[in-house]
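Both complexes shown next keep subunit A, but they swap its partner, so subunit B is in the first and subunit C is in the second.
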Partner chain A sequence: MPLSFPYVGTFTYVFESIARGMKRDDIIVPDEPTYRTKQLGSQHSSEFVCTPFKMLLGSIIEVIEKGAYEIVATVFVDYCRLGYYSPLYKIILDDLGYDFDLINLDWFNKIEFFTSFKKLACNVNAVQAFQAFRVGWIKNRYIDQIDKTLYSYGAVEIEKGASYKVAHKLYRQVVETEGMKNIRMLPKIIRKTFDDEVEIDTEAKPLKVGVVGELYAVVEPAINLDIMRRLNDIGVITETPITFTRWIDLGQRMNPFKKWHYKACIKHAKPYVRYPLGGKTRESLGAVIEYKEKGWDGVIHLYPFTCMPEIISRSILPQVSKEHDMPVLSLVLDEHTGEAGIQTRLEAFVDLLERKRNDGNGF
Partner chain B sequence: MITNPERKLRVGIPRALLYYKFSDLWITFFEQLGAEVIVSPETTKKIKNVAVRLAPDEDCYSTKLYFGHAMALKDKVDYLFIPRFGGSKKKYVGCPKFIGLAEVLRSMIPDLPEILMPHYNRGMDKHTRIGLLVRAFRLGKIFRKNPFVRIRAISRAFKAQKFHNKTMIIDENILRKWENSEVILNDFPIYNENEKQLKIALVGHSYVLNDPFSSLSIRSLLQSYGVDIITSEQMPRNLIEKQMAKLEYDIYFDFEREILGTIMHFIESKTVDGIIHLLIFSCGPDSIAGDIAARLSKRDSEVPLLQLVFDELTGEAGMRTRIEAFVDMLRRSIDKKVIFLTEQVRI
Partner chain C sequence: MIDSKEKYFLGVDVGSISTNLAVIDNSKELIESVYIRTDGKPVDSVQKGIKLMRDQLGEELTITGAGSTGSGRKLTGVIIGADIVKNEITAHALASLHYNPDVQTVIEIGGQDSKIIIIRNGIVVDFAMNTVCAAGTGSFLDMQANRLEIPIEKFGELALQSDNAVSIAGRCTVFAESDMIHKQQLGHPTKDIIKGLCEALGRNYLNNVGKGKDIRSPIMFQGGVAANIGMKETFEKYLEQEIIVPENYAVMGAIGAAILAQEDAMKRPKKSNFQSWDISEMDFQTSGFECDGCSNICEIVEIRRNDTLIARWGSRCRKWDLID
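Here is the complex of A and B:
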């Protein structure tokens, strides 16, 4: 049965390599979300459900139209709506009359998790399936590494767009590399390829801006209108601490000495929001302080429209920003967000940061 | 704050959101501790205007109103009571905004009086029932040092809440009687002669149903149209749980279970003429439950479902027309078990 999954930023490559590792030859790789994806999603979902829901629904409909039958989804009971995505997709797609099978990976329900995982890994035995998963999480590290290098090289490259070309070549290379020995070589190759093929301006002193916020809004270029690239184009180095590593990277999770960025952020956020309330609320707040301590210039906070936990962090961010003298730009995104509006605000924000740096202490 | 031993400490409770569920518990608790409880007035246009100006743009309408109520109490009280409540049942959670509300208010309005914000989250943080009592006991220390007084206050408060729940939630027998028009649960409907008697389930959050301003006084409107209503708050819990068990997945928002369960029950039992579902704009749980309800009702469409979305811009005239049209539609539908009233019935 053709297997597919909705498109989620560069994490799609990790999905693809896990599925390939399980010897599924019948995978259908989703396309990048387009205007039609947004339209399809919002047409069939309720009016004020959050934007990731609509985008993922659109993506799922598109892969079903391409012929997929088994679709991987996730159930994650949190304070927010994430846990309802999959059940509601099932109802909506049933009503639309599609023939499909949603496979829910619910980490908190271990029995169900392994039965559905087994369904996915029908061609291989348990050891091979685990090995595929392990290769997946290791490849995820390297995908993250490409992202990180890309967002810093993109700001200082001399020929515009060169590093993006290199990155897209490398993503494919990571997906297609087989054998643990070759995979372990990847970080070196990534570093070398970027060094060799992207000519950078060594004199430039670019601004540094951290991007935090809701997971999907940060990792999916289709919803944030490729904000990383926009920032790179106006000469700003960006970075995001928000990746899938913390969930799927069991290797790092089992390492007691690993210093997690989000744990440090949560500690910083304690005076503002004490208790967990879902999403990345505390992380977004703490990241402002964390980036300040690292000496970065500003933080951009992204969240989708009607996201419940992030509205709370958005309401408290002005206070954090004021108390720690760190400029923060909050952007709310939905399927109607216009490019021009985002671009203007980004340029204004970057101008402000530049002036702040040149004046020493702001205004 | 002036510490005058003669004067009672004043505790302000905004009349919004969870107040409508736990008012008896909170008011009894603070009054038993010898504090003066000041509840903000019913929502008015002035409160709404203050709220809409102050609150974050993306918050749901009910949360925005909370800001207005808190501002109404600002200069009148020594303490504001805004608990960080994350759900009182295992496995189920409330809205994340209930947990963040106190901290958001503290951050956005710096000159508020001190906020009492006990944190209780049985669903996710696995706090125990005893943990709740311990938190209440610690909270009481601000008002009375004497532990026995505090324990008495807690026990009386819980008794009051239990009594409130008991009078609010009906059992299956009474529901059956209501379905057969033997009793009336809410205000007596104003019947006109030779008019078909209608029964409507009014479904929504307790802070929408009981707040005439944010629901545009839909209850009295239905009353004047001669509609007998039952609200989702009153539904027997076991019926709701029975309906929830039919779903393949768990609805983990605590208050949403009540709403969806009521809709599903009446869609299945067909004992009412129609269902009116009140949604609040940009309420997260509502968007999910509303979509599920609409789709389930489409699959089994014998009982009509009207979904109304409220926000601060909702016009009264438009809403009135829709409700009127819905009621007219129900009146004209052909029904075998129609009851015509020739004279008023009293109970």
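Here is the complex of A and C:
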């Protein structure tokens, strides 16, 4: 039965790798979300549900239209509405009369997790399935590496758009590389390709801005109006600590010496919020302090309209920002495509950072 | 007034409701300003504004640098040949600082946007704009003035005449309007309703845009809505501080753009890209088409000057982009 999954930023490449590793030749790779995806999603969801719900629903409908039957809907649940996503998708898609099978990979429900996983891995035995998953989490590291390199090279590249071209080529290369020996060569190849093919301005002193907030809002360019690239275009280096590594990278999770960025953030956030409130509430707050300590210039906080956990962080952020003298810009995202508003805020924020750095002397 | 040795700088601020132009001299003093309505046609209104400015200043005046700002800044930049295109927050902050170097808070309410800018020691340290709601902005006041058949210029005066504001929900324009209609049908006098509206909008602004911000005096109130004395009173009432409305409150964005052009020209002396005063006679055509390359169906816009393509933008993948 054709297998597919909704599009979630560059994680899509990782998912594709895992499915290929499990010898699923019948996968249907989702397309990047477009205007139509947004429309499809909001047409069939309740008005006040969070924007990621709508976007993912749109993406699921699109893959079903392309012929998918088995669909991996969510990979984990949280304390917020994310836990309702999958049951609601089932009801909505049933009502629409589609023929499909939603697969839930919910780690907290071990029995369901393993039955679902078995369904996914129908072509291979348990050892091969685990191996495919392992290759997936290792490739995830390299996809993250490309993202990270891209968002810093993009700010200082001389020919605009060069690093984006290189990155897209490399994403494909990561997905298609087979054999552990070749995969282990990838970090070197990524570094070398960027160094060789992107000419950078070594004189530039770019600002550095961390992007935090709700997972989907941060990783999916279609909802955040390509904020990383917008920042790069105005000469700002950016990065996001929010990737899928912390969930799927069992290798790093089992390493007791691994220093997790999000754990450090949660510790920083303790004076403000002591317990998990879902989403990335504590991480968003703590990241402001973490980036300050790292010597970065500012933090941008993204959250989808009506996202409950991030509304909490948004209300506490001004205080954190003031107490630690770190500029924070909170941006609310919805289906809108009017880019002028977001561009104005970003430019003004960057002006502010630049003048702060130069201590008030010019731009 | 016009000195041939002096350098002059032009700033153009194209907003949703109004188009403002300002010409300043090298010491950043305002020489002349123009305030007209955008009426949904930014290109026409820029041309009209330039023509008015030329009529007021004379064609001999040369422009050493030009800047554009406002939500239509990109388009305007191409039309007039701006040397610098900057966001309106920076522009407004610069203009306020020029007017009063000690200013610590700027309240700016325009047609579609309302913003707060926090300044300390002459540096912008924080700012906020209205997020997903247009309640409390100029266009809503404009609409209500139209509905009540009161000229918008009289709105503030009328509010001042009332000493019994009715309560109006200011959180959402839809709620506010139904409240207003309800109160009006009960027989409340118009001036009380208007005063109630001003207070509701002021509260909404402070709770929504000004949320969590450290509002310190001196506070400057500018943008088109600053013409409304009722709003100024409201802010004074809730903030319990004096509010300064600068003389040129409506064209502060344009002054800021001109200052940016002046600073840019001082730092990097070069020949200005500014077209010429003949912009109003040139023929600008904007046309659009939908790209069918993918299902994003991006709306591409092309701008032509006298039949030569000068700019094109709008595609997410950037394959159509063309900006000199």
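Convention: the second predicted complex is superposed on the first by the 355 of 363 C-alpha atoms of A that agree within 3 Å, B and C clash if a C-alpha of one lies under 4 Å from a C-alpha of the other, contacts with A are read in each partner's own complex, and residues count from 1 in each chain.
Assume contacts are C-beta pairs under 8 Å (C-beta built on N, C-alpha and C of every residue); 3 or more make two chains touch, one makes a residue touch a chain.
Computed from a predicted model, the values in this text were never measured in an experiment.
Judged by the touch definition given at the top, the superposed model places A:319 against both subunit B and subunit C.
When subunit A is checked against subunit B and against subunit C, the one touching more of its residues turns out to be B. In the superposition on chain A, contact of A:294 is made with neither subunit B nor subunit C.
In the superposition on chain A, A:172 makes contact with neither subunit B nor subunit C.
Residue contacts after overlaying the shared chain place A:327 against subunit C, while subunit B stays out of touching range. Contacts of A:305 after superposition: both subunit B and subunit C are touched.
In the superposition on chain A, A:347 contacts subunit C only, with no contact to subunit B. By the touch criterion defined above, A:161 reaches subunit C but does not reach subunit B. Once the two complexes are overlaid on the shared chain, A:356 sits against subunit C while remaining clear of subunit B.
By the touch criterion defined above, A:267 reaches neither subunit B nor subunit C. Across the superposed pair, subunit B and subunit C both touch subunit A at residues 305, 315, 318-319, 332. Across the complex, subunit A meets subunit B through its residues 45-50, 75, 77, 79-81, 83-84, 86-88, 90-92, 95, 272-279, 281, 305-306, 308-309, 311-312, 314-316, 318-319, 332. Chain contact summary for the complex, subunit A toward subunit C: residues 31, 34-37, 161, 226, 305, 315, 318-319, 321-322, 327, 332, 334, 340-341, 343-345, 347-349, 351-352, 355-356, 359-360, 362-363. By the touch criterion stated above, subunit C contacts subunit A in their complex at residues 71, 86-90, 113, 121-127, 129, 131-132, 211-214, 263, 267, 294-297, 316, 318.
Considering their complex, residues 56, 58-59, 84, 86, 93, 95-97, 99-100, 103-104, 107-108, 119, 121, 124-125, 247-252, 281-285, 287-288, 290-292, 294-295, 298-299, 309 of subunit B touch subunit A.
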